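Note that the chains take the letters A, B, C and D in the order they are written out, and that residue 1 is the start of every chain.
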Amino acid sequence: EAFLAAFQERIDAEQKIEPNDPMPEGYRKTLIRQISQHAHSEIIGMQPEGNWISRAPSLRRKAALMAKVQDEGGHGLYLYSAAETLGISREEMYDQLLSGAAKYSSIFNYPALTWADIGAIGWLVDGAAIMNQIALCRCSYGPYARAMIRICKEESFHQRQGYEILITLCNGSDEQKEMAQDALNRFWWPSLMMFGPSEGQSVHSQQSMLWKIKRFSNDDLRDKFINATVPQAEFLGLKVPDLELKWNEEKQGYDHGEIDWDEFWRVVKGDGPCNRERMRTRRRVEAEGAWVREAAHAYAQKRADRQAAARVAAE
Amino acid sequence: EAFLAAFQERIDAEQKIEPNDPMPEGYRKTLIRQISQHAHSEIIGMQPEGNWISRAPSLRRKAALMAKVQDEGGHGLYLYSAAETLGISREEMYDQLLSGAAKYSSIFNYPALTWADIGAIGWLVDGAAIMNQIALCRCSYGPYARAMIRICKEESFHQRQGYEILITLCNGSDEQKEMAQDALNRFWWPSLMMFGPSEGQSVHSQQSMLWKIKRFSNDDLRDKFINATVPQAEFLGLKVPDLELKWNEEKQGYDHGEIDWDEFWRVVKGDGPCNRERMRTRRRVEAEGAWVREAAHAYAQKRADRQAAARVAAE
Amino acid sequence: MAKDNTLFTYLLRLADDHLILSQRLGEWTGRAPTLEEDLALTNIALDLIGQARSLYSYAGAVEGQGRDEDQLAFTRPERDYLNALIVEQPNGDFAHTIVRQFFIAAFMVPFWREMEKSDDEQLAAIAAKASKEVAYHLRHTAEWVVRLGDGTEESHQRMVEALEGLIIYTGELFENDAIAKAAIAGGYGVDTEALRDEWRQTVVQVLGEATLELPNAGYMQKGGRDGVHTEHLGHILSELQYMQRAYPGLTW
Amino acid sequence: MAKDNTLFTYLLRLADDHLILSQRLGEWTGRAPTLEEDLALTNIALDLIGQARSLYSYAGAVEGQGRDEDQLAFTRPERDYLNALIVEQPNGDFAHTIVRQFFIAAFMVPFWREMEKSDDEQLAAIAAKASKEVAYHLRHTAEWVVRLGDGTEESHQRMVEALEGLIIYTGELFENDAIAKAAIAGGYGVDTEALRDEWRQTVVQVLGEATLELPNAGYMQKGGRDGVHTEHLGHILSELQYMQRAYPGLTW
């Protein structure tokens, strides 16, 4: 009890918690779940965009897309490392992903069907991610907060890049504009769902707030995102696919239509358009790479043995 | 000795030899080698054309190409059956193909790079094959001769189809004409090689002639092919890539330039552009289909067992 | 005009189903587990492409803008393809290909049978021809379902995986959306909802013989009829369209 | 003019090598055996595409007909691509990808080093940048060659197969044909024949450490420099060119 109170005091004083600091088991578990889920999202998120590397329409865009997908892999790496500071191994987290025990952001269960989707993913999906992540830069757990700072910088770059793809399309031919509008139509609602359902009086969420793992409610972050994004859509000359969307002078923000939470839960539970495909791909990659990892391990072992033998011989 | 003489008498009297007839071991072996090689050529020959099914430029051409490749599979089937009448199983022949012990026509080790190649393969490769096969329709071994009659009909159809592809290209845009000329440039010499080297006094070849397995020399068939094909090239407005090609009024046929027999032997021995790829594909197909064949076999076995058991129970 | 638009879309959906499925099957040509099966799969692919050609030609005539079968088949953007999602799913192993074809054939048999009664004479004529063809597709694939289901342990397991992987794409075949309803109301379309029980019966009966079970479907994926596909279609199109895209407007 | 034509072709060959190889490596992005290797392979692919861009841009300037890097990269017919055959070979398993990249890197290291001395300032500048990059490619792939060769029995066997499959495509890299000779005579090209021994030394040394042997090559395949490719290139191009072909002349 005294420990919990002291811990809360540190949190309240905005002190960062570091790996070797004592922490409540619930705090550790919540963080492991959240950080590993975030890492998994980066890894699975490589798939929809990776799907367009071979078909990117110009060399510049191809290079940028490759670099972006690579950055996502890099973010996965930092985040797995951050989670490892809490006493879980990357392998264990990976197993949880492959077995379906761990989740990843359900946005990546939507397909990237056209080149405009690559723009929309950057603009909307990375945009929504950044809203969440900016808040996390001030998370009470030091390694996570620091990973977030680095990731946020790169994500902002990706978001601008995605928006710039759409600017190009919207300045282009009719087909290109149509492609851009179609991408917005398909990615708008799933992007709003990325913030998660309204939390109401969820105990879980309140505890996260108290521990300063989470600093804003889902609805607040979603509203912020909408308020930032609607003018960007207008600038592009695109129509946000929400008939009920309108400016509310009083709250100085937008009111929006009802989100289809049935769809959200369906996709979370595994019945989105690409859930099975994403997991099948990930499992196949794991299986096909097994011999390589075994070989690397065997070689490292042999090498260590040889060095040990050489040391013995030298003595 | 008396048997050999009697056999030769039957041959000379143009009697067909049938599966159950007595025949010299050399006759049997020569036929097995030739027929199975011919069957293998049909099977491997499905690859270069099969490579264009997914990209055929119109629905009509796609359907025709699929049907053509299917016919080749069908020819493979007849020919394996014809060879089986000589006392060898399809599996055994297949093993010889996969192990590299048996050969197939080396023309199929050249790649089909453009759509025009599909035309050139039909026109030249099937054209050359027909020259050989028409002669084989009168082969002394009955089942082979009969298979050839059926195959020749379909091959002629394929040849016309191929030529028609090239007519369309040659009546088309400059790029299409260029594509057609390029295909002729690449397939002309390998097609001439299909008839095999000049035989000189080869004992092997003379014996085949005597047994009426073979009825014309390689050079005669090649000349016939050239004489038939050059005017067709002229009709297309294409240039045969042989600077030494010219009409010889005296022999009422064309003289042609030197064939690169080094290339021929190199490709026969395994160093053509696609030899390894063709065998790799064939081996992969065999390996990937193994479980299917096993399952079919297991099911047939179970079914037979059940029927036997039912009969026993009924008695 | 409205009728024509609906009919055009209705035909395009059917034509795209046939084209994309035949493109998939064509990937097997020269690569099937046995030579006999190579010929059989190519036969089915040829039937499908033949049906696609009739449907595209008719669609082009209905549209009345001078687009021929090839322009419709090869030069539309991905989002304008209206095939059901099941036909674009990868061939996978032979079990997947057989299950996909079996599911579809078990649907197409009653579909074309009902279509033979269509008020639209051309559709009825296409249906009469197709009916005979799909009867063979169903028989052939059903035989393989039984053989593989009741074959070895491995083949059985592969069939279980194929059934689980593909079942979620079967629901879309039976949905009567606005276009389908208009086509039914117009007297030329088939009420696919009404075919569901028959399909289920056919499938369950064959699976039973194969010692297999129809998995519980759960949520059925859809979107193809509105041009919202899986990521596979784009890759199919990059090959399918290559020549027409690289050399627009030429005759081949 | 004649000089420019030769230089243009010379640049195009190099540019196509880099583009096609980066396209192949890009197939690994998100699919490599480890996360770290995913980043490493993508790094190499990014270096290659960067080199391709410089080379195409320069080629376009030399040609002087207003073609930019994308028009050169995306809108030529298959027979006009001049890359060596080795870069278009399929990724195969990771062993094949590593061997392919190792063979090429062991060639590119001395190639770019010599190119730094080119009379052509732009080529020399491209070479200076590329030299640093390929040094890493060689180091990284050599490490894998050793790890896989001296890893498990399976990895060793896979390496043996990869070496045998790819060795026949290495000869083409060193051939000085008429274009190459003209480029050498012009003072801007590299005499690749002269790099053969160094390449062999590098390769044999690393393979030795990996308990592997360089297989006997026999006949070396060639044709890429004249646009006569393997059947793989056409399929690469159908994806690579898809957008530019489907939507010609647009800005992306």
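Here is the rule we go by: a contact is a pair of C-beta atoms (placed from the backbone, for glycine too) under 8 Å apart; a residue touches a chain by one contact, two chains touch by 3 or more.
The chain list, named the UniProt way, goes like this: C, D = Phenylacetate-CoA oxygenase subunit PaaC.
Model, not experiment: these values are computed from the prediction.
Engineer: Compute the shortest path length in steps from chain A to chain B over the network of touching chains.
Structural biologist: Counted as steps through touching chains, the separation is 2.
Engineer: Could you state the distance in Å from the CA-based centre of chain B to that of chain C?
Structural biologist: Distance between chain centres, rounded to whole Å: 35 Å.
Engineer: At what distance in angstrom does the C-alpha mean of chain D lie from that of chain C?
Structural biologist: Centre-to-centre distance between chain C and chain D: 41 Å.
Engineer: Hunt down the residues of chain A that sit against at least two other chains at once, touch-wise.
Structural biologist: Touching at least two other chains: 55, 175.
Engineer: Residue numbers in chain D touching 2 or more other chains?
Structural biologist: Residues 77, 238-239, 242.
Engineer: Classify the chain contact graph as line, ring, star, complete or other.
Structural biologist: Graph shape here is other: it fits none of the named patterns.
Engineer: Could you run through all the chain pairs that touch each other?
Structural biologist: Final set of chain pairs in contact is A-C, A-D, B-C, B-D, C-D.
Engineer: Within the complex, which stretch of chain D touches chain A?
Structural biologist: Within the complex, chain D touches chain A at residues 19, 23, 26-27, 29-39, 42-43, 45-46, 49-50, 52-53, 56, 69-70, 73-74, 93-94, 146-148, 150-152, 154-155, 158, 239-240, 242-244, 247, 250-252.
Engineer: Provide the residue numbers of chain C that touch chain A in the complex, in ascending order.
Structural biologist: Within the complex, chain C contacts chain A at residues 77-79, 165, 168, 218-219, 221, 223, 228-231, 233-234, 238.
Engineer: Would you tell me which residues of chain A are touching chain D in their complex?
Structural biologist: These residues of chain A touch chain D: 43, 46-47, 50, 53-63, 66-67, 69-70, 73-74, 76-77, 80, 115, 165, 168-169, 171-173, 175-176, 281, 285, 288-296, 298-299, 302.
Engineer: Give every residue of chain A touching chain C within the complex, in rising order.
Structural biologist: Residues 48, 51, 55, 111-114, 175, 179, 182, 186, 266, 271, 273-274, 276-277.
Engineer: In the complex formed with chain C, which residues of chain D make contact?
Structural biologist: Residues 77, 235, 237-239, 241-242, 245-246, 248.
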